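One chain, subunit A, links the two complexes that follow: it is found with subunit B in the first and with subunit C in the second.
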Partner chain A sequence: MDALIDQLKGEIIEQLNLEDLKKEDINSDAPLFGEGLGLDSIDALELIVLLEKNHGIKVANPADGKKIFQSVRTMAEYIQANKK
Partner chain B sequence: MEGYINGIGIISPQKTFDTPDFLSEVVEHNSKALYSIEPSYKEFLNPNLARRMARIIKMSIAASTICFRDAKVEMPDAIMTGTALGCLEDTEKFLWAIIHDDEQFLTPTSFIQSTHNTVSAQIALQLKCMNYNFTYVHKGFSFESAVLDALMTLAEGEAKNILIGGHDEMTDKYYRVCDRIGYFKQETVPTMELINRKTNGSIGGEGAAFFVLSKDKSETSYAKLRGIKTIYKPENNQEIENKINELLASNGLTAKDIDVVVYGNNGDARFDKTYTHLQDNLLKDSTSTYFKHLCGEYQTAGSFGMWVAAKIIKTQTIPSAILIGDNKSKSIKNVLIYNTFLDVDHSVYLLSQC
Partner chain C sequence: METKNYITSYCSIKSGKVNVNGKETYSDINLSSVDFIKSVYKQFQLNYPKFYKMDHLCKLAFVASDLLLKSNPIMQKYAPEDVSVIIANSASSLEIDTEHQNTISDKNNYFPSPAVFVYTLPNILIGEIAIRNCIKGENTFFIFDKFDADFMGSYINSLLNGSKAKCSLTGWVDFYENNYEAFLCTVEKEEGILNIEHNSEQLNKLYNN
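Coming up: the complex of A and B.
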């Protein structure tokens, strides 16, 4: 799980152009939206594409997004649970 | 139709954005394509917003911010910009992703930022400006169309302060495409030697230049913009001279009243003949200057030329780096800009001291 979380942090930084951040600056349990990283709705779309492109996981039900994208850890857990 | 240039902000391959200096030192790029010298954007943009923006958007927002500060204007009555290629870097990213990922996994950011009017829109969003907002995309007439719209809007009394701008960016892919169709020289040319190269092609360039064009003169005024004319594919030099004479006559002037001409010579042996003809004939009594060795060739380079002309008038100086031949001018009242893109889109602007 730790390796996946680390990988995911790198992918998020790259996909969202978070140029000033390093992996260690991102708290695995901090909220991605609002507080924490302060991401917005466009970033949410970018993260959905990231999941599909890099991990082959499609978020079928948009309502699940809130839970999946709560933090880097919840994203990693979702990937692990749904990886084929 | 006239307007006062009351503020300027320009980011270009020269040091133009954070210094009052006027080309006393020239940045030698020694390259086939010139890229802009960029500021630190943290002063102009929230990093959270900047992370999504391509270089041309950041350059334009910074240049427009500098322009507003220079003009002491907080909110324009209209925003009119010209760009031939729009936000090319993001367009390339988006198209590349379509091809590479077989039309899957398209991300929203590069799509949103890839439209031609993104720059005007982002400037308006930053200012919360709900006024008239227009982007002209007419190849070598893009910036000139914005200027013309602004002059007409001022003449109609529909605005007092208008932000006008020209912006285009150079990318590696665009350079390669243009190089293949013969836009650029095959050899690297030192900046100050460009005008003397008698080979085909020019050097690539880019920039973002913004101006506050106002109805009234102010303490910050650089010059009065008195008119602009565009000529599409002129048949011969006589047609060009006639258009210049028309512009001058409509302002009560003749060619003898022009103290300085700012030419768009770009070192391309195929196209510089128009400038040479004017220098040797209609405008032979004026001091000749040029600018594209400093900013490179691009469709909205006329905006760099307008900066040069406005600075010449305001400072009453002609830097040696832009001079062709001798300086014949003692005082500088009237300046003409003559520019062409690929000998297709020709434009002439008239600026005067105010």
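Coming up: the complex of A and C.
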């Protein structure tokens, strides 16, 4: 799980152009939206694309997004539970 | 009788140099266009969380407008509705359009990026400037082969003289491949920091400076 979380942090930094952040600046359990990284609605769409492009996982129900994208850890847990 | 308007401040960014109100404030001619624009942002500590999310065209417009309005804080002087933003360029948003096209050209690797797609219009740069500075006045983006001082000068004068705005942030912001150029100025009905008469001759002179 730790390796996947570390990989995800790198992918998020690259996909969302968070150039002034390093992996170690991202708390695995901090909220991705609002506080924490302060991401916005476009970033949410980018995270959905990231899941599909890098991990082959489609978020079928948009309502699940709130739970999946709570933190880097919840994203990693979702990937692990849904990888084929 | 025609009313006089004034160019009260200006900023240009091109060829690795930043010039604000006639003074070179920063230069690094060894960097690529993208790296130079980022270095300007860092050099002047223009702290803005969304900067790195912008496309290159918006980044260029952002740093130019921020440096301009730091030298001449017009938003302390005018109501948001009284400031217009009128900008033009030649390449439109072709740089990011191409990037978007690359994400959708392969049916087997079809992953359009929402963050790229939202910048595929040149007037988005006006939106970024307006959001940053809470500007709510008239705004228009034109596309010309080259900077047209006659048209821009006449358009701005008609806005100011027709009471559509009391101040206008205007100019040229162009980015394509490794070529970039920003020239922005403030035009006001009242005299300000600089009191250069606003006409096509002076606009051309400052643009070519």
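Basically, the second predicted complex is superposed on the first by the 84 of 84 C-alpha atoms of A that agree within 3 Å, B and C clash if a C-alpha of one lies under 4 Å from a C-alpha of the other, contacts with A are read in each partner's own complex, and residues count from 1 in each chain.
One rule holds in what follows: a contact is a pair of C-beta atoms (placed from the backbone, for glycine too) under 8 Å apart; a residue touches a chain by one contact, two chains touch by 3 or more.
Worth saying up front: this structure is predicted, and the values here are computed from it rather than measured.
Within the superposed three-chain model, A:Ile42 lies in touch with subunit B and with subunit C [touch as defined at top]. By the touch criterion stated above, A:Ala30 is placed in contact with neither subunit B nor subunit C. For the contact definition in use here, the residues of subunit A common to its subunit B contact set and its subunit C contact set are 16-20, 38, 42, 45-46, 49, 52-53.
Those residues of subunit C that touch subunit A in the shared complex are 38, 49, 52-53, 111-115, 118. Remark: subunit A residues 16-20, 38, 42-43, 45-46, 49, 52-53 touch subunit C in the complex. Considering their complex, residues 15-20, 38, 42, 45-46, 49, 52-53 of subunit A touch subunit B.
Note for the complex: subunit B touches subunit A at residues 47-48, 51-52, 101, 104-109, 112.
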